[in-house]
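Lettered A, B, C and D in written order, each chain numbered from 1.
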Amino acid sequence: MDEDEALRRLYADFDAAGMQPLWRVREGLMPDRPTPRAVPHAWHWKDLYPLARRAGDLVPVGRGGERRAIALGNPGLGGEPFTTPTLWAAVQYLGPQEVAPDHRHSQSAFRFVLEGEGVWTVVDGDPVAMRRGDLLLTPGMAFHGHHNTRDAPMAWLDGLDIPIAGYLDAQFFEFGPDDVVDRSTPATSRSERLWGRPGLRPIGGPEPKASSPLCAYRWEFTDAALADQLALEAEGRPSTVEPGHAAVRFSNPATGGDALVTMRTEMHRLAAGCTTTGRREVGSSVWQVFDGAGAFVLDGHRTEVRRGDVVAVPSWCHVVVEAAEPFDLFRFSDAPIIERLNLARTQLDGGNS
Amino acid sequence: MDEDEALRRLYADFDAAGMQPLWRVREGLMPDRPTPRAVPHAWHWKDLYPLARRAGDLVPVGRGGERRAIALGNPGLGGEPFTTPTLWAAVQYLGPQEVAPDHRHSQSAFRFVLEGEGVWTVVDGDPVAMRRGDLLLTPGMAFHGHHNTRDAPMAWLDGLDIPIAGYLDAQFFEFGPDDVVDRSTPATSRSERLWGRPGLRPIGGPEPKASSPLCAYRWEFTDAALADQLALEAEGRPSTVEPGHAAVRFSNPATGGDALVTMRTEMHRLAAGCTTTGRREVGSSVWQVFDGAGAFVLDGHRTEVRRGDVVAVPSWCHVVVEAAEPFDLFRFSDAPIIERLNLARTQLDGGNS
Amino acid sequence: MDEDEALRRLYADFDAAGMQPLWRVREGLMPDRPTPRAVPHAWHWKDLYPLARRAGDLVPVGRGGERRAIALGNPGLGGEPFTTPTLWAAVQYLGPQEVAPDHRHSQSAFRFVLEGEGVWTVVDGDPVAMRRGDLLLTPGMAFHGHHNTRDAPMAWLDGLDIPIAGYLDAQFFEFGPDDVVDRSTPATSRSERLWGRPGLRPIGGPEPKASSPLCAYRWEFTDAALADQLALEAEGRPSTVEPGHAAVRFSNPATGGDALVTMRTEMHRLAAGCTTTGRREVGSSVWQVFDGAGAFVLDGHRTEVRRGDVVAVPSWCHVVVEAAEPFDLFRFSDAPIIERLNLARTQLDGGNS
Amino acid sequence: MDEDEALRRLYADFDAAGMQPLWRVREGLMPDRPTPRAVPHAWHWKDLYPLARRAGDLVPVGRGGERRAIALGNPGLGGEPFTTPTLWAAVQYLGPQEVAPDHRHSQSAFRFVLEGEGVWTVVDGDPVAMRRGDLLLTPGMAFHGHHNTRDAPMAWLDGLDIPIAGYLDAQFFEFGPDDVVDRSTPATSRSERLWGRPGLRPIGGPEPKASSPLCAYRWEFTDAALADQLALEAEGRPSTVEPGHAAVRFSNPATGGDALVTMRTEMHRLAAGCTTTGRREVGSSVWQVFDGAGAFVLDGHRTEVRRGDVVAVPSWCHVVVEAAEPFDLFRFSDAPIIERLNLARTQLDGGNS
C-alpha cells in the first residue's frame, strides 16, 4: 500500500472513530484573529415597526408562544434567530390591553423602551412601569409577565442571552399564571423604592442575588447623567469617554458591576459632529439609536441610522460612530462574559489598550 | 536561695529585659469577652452647641490648628480625645464668612449636617454644598477646605478615623493653600454629577479609588429611602431591619461596599413607639439624633436623647433604642474594620447571628 | 385577503427582513430543561492509540498543522471536532525526537499524561517535563512548543477551550520559532521552583496572571493527596466527596481558584466497589480513565471503561460512576464558565443542591 | 471678662464636658508622618532563652496562666507587653512531658520554631508536629493545646494579634479540657494531608474558613523554595525580591492571600554580603533570625544579630538588613491590616512605590 492510500485509509478510520485531525482544520479553528460568522448589519425601525404591528393584528399573544417578540437574526448566522452569536435582540409588541403571560427562565433579559408607555412588566411580583428611555431588567429565573393598560399598542427592544444559555445547555423554563400576578400600576416599582437612591443601600429587606436588585433605570436619570458629563467636559473636567462622547453603564448598586451577569448595558450620547475613535473589541454588541441621527462605519462600510434603528457589531469589527446631530444610543454587549473569561482585548486606532 | 526569692529575681530579670510573662496578665489581655475601657456615654446638643459657639467667638480658625473642631472624648479613655477607641466625633463650627484652610491627610473623614447650610466643603477641588441631613465624604488623602458663604455660623458633626490611623502609625498630613481652591457655590458637586444617579456608572472620567467617588449623599434621597422602607413594610413587603425600623447604609456606588474604607455610615428611622431588638456587636459606634426624641438603653442604663445628641456605644455593649416619636438617627461605626479582620460577632436578644 | 394569507405574507416578510418570531421557536430555544445536541459518548484507548500511532507514521508534525493532535468529535455535534460544545479533547502523539513548533494562542490548554515520558513542553521559555499522571498547563497567550527527547513515541490527552474561544470569536494565534526555544531537560520546571511548594508564595519574581503560575501538577502529589483522603475517611475524618470517593481540584496557588480560567481540572479516585451518587449538572465535562476499570452510567446507559478511555458527558446528563476496582479518573469541565455566568445548577439523586 | 479669661473658662468648660479642641492637639494627632511610640529594638536569644529556661524551672504551666509564654515588650510602649502596637511576640517554653492545656480565643496565633522538636500542638483536634523551621498556625477560635513528648524542653516564638484584638475590643476566650484532646504523634497533620500538596485543593472535606486550612508550613519546603529563588537568580531568571534576597510569603492555599487574616508571615534568605535596599513601610513588623548572622540598620542605628535574636521595627522606620553570612530571617507584620484599610505606603531608597 502506498502512502497516499495509507493516509486515505487513516482519515477514513479517523472519520469512523469520530476523530478529527487538528492539522487539517487548524487554520480555521485557531485563526490569527477572530473570523466571525456574524456580519455587521443594520435593521431600520421603519421596517421593523410595521412588521411588528402587522404581527399585532394577526398573531395573538399567549401561553406557549409566550411573547409577541420578533428576533433580529444576523444574516451571517445561517438562519439562527440570533443578532450576534451571544445576543438575542427582538422587537416586542403588545397590543391594547394585551397580556404576555407570566413565566420564568434561566435566560436573563432586559427591555429598552424606544417610545410609548402604559405597559407594566411584573417582575417577581413587582409591577414595573415601562416608559420611553427606561431600561427594565428581568434577571434569570425571575418570574415575569407584561400587561398593557392602554388602548394603544406599545413596542420595545428585548435583549436576552438566549444564544449563550443555549450554547452552554443551561436553559430552564417554567410557566407561571396566565395573567400577570399583580395588576396594580404604580409609577415606581418596589425595586426602585428599595434600591433606587444613589449610594443608599437598604440594610434590611431581601438579600440581593447575582444580578442588580434595581430593576428599572429611568430615563430622567440617564439623560441627566449624560448631559452632566458633556457639561463637565465643557467646564474642562475629565468626565467623558472621549471628547463629545458621554457614556454610562447600567450597574448593579449592590456590587458596582454590570446590572446583568451575562450582558453589559450602556447608554451613549454623542455631541453633534462627534466622531468616535475607531476601535475593535473582542466580543459582540448590539446598538439601538434612541434619538438623533448619524452613521456607523463598520469595517469601513458606512450606514446611516436614525431613531429605532438597530445595529449588530461582531467581535473584532472596526467601529466608528458619527453623530450628524445630537445622538443618543443604547448599547448592549457580551463584555461581561469576555471579561470574566479573561479574553478581553481592545485595539484603538492610533494605539492599543 | 528559696523558690520565692528565685521567682522574685526572675520577674525582676524579666523586667530588666523588657519581658512580660503571659501567665500574670493573661486574664486581662485575653478576657472571656470584650472589656472595653470606653464607656457608654451621651453628650447633649444643648451643651455641645453653646460651647462650639463660644469657641467661634474666641478662637480663630486657621493654619496650624486647621479646624474649629471640638472632639467628644469618651470618659473611659483617660483623657484621649476619642469618642471610642477607633472613632473620632467632633462638633465643627464655622463662623460667618470663615474659611477652614485646605489640607489633606491619610485619615478619612465625613461631615454629617444636623442643621443649617451655606458652607461648601471643597474636596479635591470639587465644591460640595453642605445642607441639613447631608452626609459629605472626605476620603483619605483628598485635599479639602471649607468656607462659609453666609453671615450665619454653621455647625456639624465631623467623623474621622484619627484613632485607628494613630494606633496603626499610619498618619500623613500635608498643608494646601490657606484659602479653599474654588469659591464657586454650585448646588450640586461634580462628584454627584458623575456618580449621583442610581445605578449609573460613568464609563469615562477619573477611575474611582478605594473610597466612594460620590462625595455627597443628600437628605432628600435618604429621607425618601427611609420613608419608602416603612411604607413597603406597611404594604406587607420585606424591607426593614425589623418592624418599624428602617435603615440605609451609605455605600460606594463603584463597589456596593461601605462609602469609606474604615468607617461604616448609616441612617436609621424608627417609627413612633418602636423599640429595637437588643443586640451586642463587636466593634464600637457613635450615634447622633437627627430628629425626634427617644432613648438609648445601654447595658441596661436608659438615657433620653433628642435632636443633636451624640451617643457612644462601646464594643459588645448591649443596645436598645426606643422611639418616643418618629426618630431619625445617624450612626457611624468601625464595622468595616471588624469585618475585614474577620472579628465580627453579633448577639441578638432571643437568638444569635 | 384572508387571515391565513395575511399570516403567510407576514412570515415571508419577516424572513425577508431577517426577522424570526419567537412564538414559532420558543419551545426549542427556551426548553424546560437543557436539550444538548452533544450526546454521552465513550472513546476507547484501544481504538484511539493505534490511530494516533498510524498518524505518527504517516503525517509529519510541523509548521502550519502545528500539532499531531486528533480531536474526539462528539457524534451529536454534526461533524464539529468538539468533544462537548465547549471542550476540545484530543490525543496528541509525538514521535521519537520530534518537535512540535513554538506558537501561542488565546485558547488555553492543558496536557494530561496517560503514560510515557521523555517529552518536554516549553511554556514561555520554561521547559516542563511530562510524565505519567502529570497535568501540565499552557495558559492562553503563553508561547509553547514540545519536543521528544527519546527514541520512543509519546502520546497524551490535550484539553483546550477551542470551542468557546471560537463561539465567542476570541481567537488570536501567533507563530513562534520552528524549534522549541530551550532544549534543556530539567526534571523540574521554573514554575514549580517558584510556585510548587505548598502554601509558599514568592514575594519577588513575575506577577502571576489570570491563570495559575504553576504549570505542572505532578502525579506524586496528586496520588498522595487522593490516598490521604481515603485514609482520612477510614480514620473517620471528613475528607472525601462521598464515601469511597476522593477528589482534588487543580488550583491556582495565587488565588485558590481554578488552575485555568475557562476549564476546571480534577482528579478523582474511587475505591473498589464505590458507586457515586447520581447527579446532573449544568455544563459539560470530559473524563479520562487514568487507572483501573469500571463503568459510566449516563442517562441510564452503562458503558464499561478502562485505562485511557475517554467519556463525554453533556450538560444535565445523569451520571453515575462505578468502580470495579480501584479507579482513578481525570476530569475536565466548563464549570468555571458556568459558575462565572451564574448558570450553575446541580441535582443529586435523593436531594438537591 | 477679658479674652484670656474667657478662653480659660472655655477650656475648663470643654474639659468638664469631656470635649477636646482639635486645634490644641492637631499636630500630635495628625502629624506630617508617623510618629510611633514603639521604638526599634532588638532582643538577643542569649538573654531570652536563659530567662525562659529559668521560668521553666520555677513556674508551672497550667490552667489560668495557660501558657509559659514571655512577651517581648517594646520599650517605647510604656510597659505594655506588646512588641509593636499591633503585634505580640513571645518566647514560649514547654518542659519535658509538659502540657499546655486546651483553649481557644478570637486572637490568631502562630508558632515559629527556632530549634528543637518533640512538641505537638493539637489544633481543633489535629495533632501538628513542631520541628525546627516550621511555621504552625492557630487561627482565631480554633481550640488548641500543646504537649511535649520528650524529656528535653522545647522553646519557640509565639506571634499573636493580641494587641489589635484588644484595641478593637474583640476578645473572646474559652477553656477546653486540661489535657490536649489527642495524644497521638503523627509526623504529618491532617491539615497537611488535605491541603499540603502544591496547587491541589480537596473537593470534599470541611469548607475552609477565613484563615489558611493548612496549619503547618514545613521547613523542608521553605528552605527549598528560598534556595531555588537564589539558584534561579543565578541562572538569570527573575525570582528574587532584589539581588541576593529571596523571600516567600506563607499563604492560604484556598485564597492565595495571607495565611492569617491579621498577620503577614514571611521567610527571607539573604546571600552572604547582601544588603537590602533601605525602605520605610506603614505598619510594624517583627523579625527573628533563624540562621546566620548579620545586622539591622534601623533609622540609621546598626545592631548585630544572630540566631534567635528578635527585632522590632516600628511603622515608617527606615530598615536596612545586612548579611554577614548566609542569613535566614523569619518576619511577621501587620501588613494585612494596613492593606485592608487602604493605608499602605512604601518608600524605597532611591525611589517610591
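The criterion applied here is as follows: a residue touches a chain if its C-beta (ideal position, glycine included) is under 8 Å from a C-beta of that chain, and two chains touch if they have at least 3 such contacts.
Everything quoted here is computed from the prediction, not taken from an experiment.
Minimum number of contact steps separating chain A from chain D: 2. In this assembly, the C-alpha centroid of chain A lies 42 Å from the C-alpha centroid of chain B. Chain B and chain C, compared by their mean Cα positions, are separated by 52 Å. Note on chain placement: the centre of chain B and the centre of chain D lie 31 Å apart, centres being C-alpha means.
The multi-chain contact residues of chain C, meaning those touching 2 or more other chains, do not exist; every residue touches at most one other chain. Interfaces, counted as pairs of touching chains, are A-B, A-C, B-D, C-D.
Residue ranges of chain A in contact with chain B, taken from their complex: 190, 192-206, 212, 214, 217, 221-222, 224-225, 228-229, 231-232, 237-242, 245-256, 259, 266. Those residues of chain C whose C-beta lies close enough to touch chain A in the complex are 3, 6-7, 10, 13-14, 17-27, 29-36, 38, 41, 43, 47-48, 51, 54-55, 57-59, 61, 64-75, 81, 85-86, 90-91, 105-107, 140, 162, 164-174, 210-211, 261-262, 282-284, 314-316, 334, 337-338, 340-343, 345.
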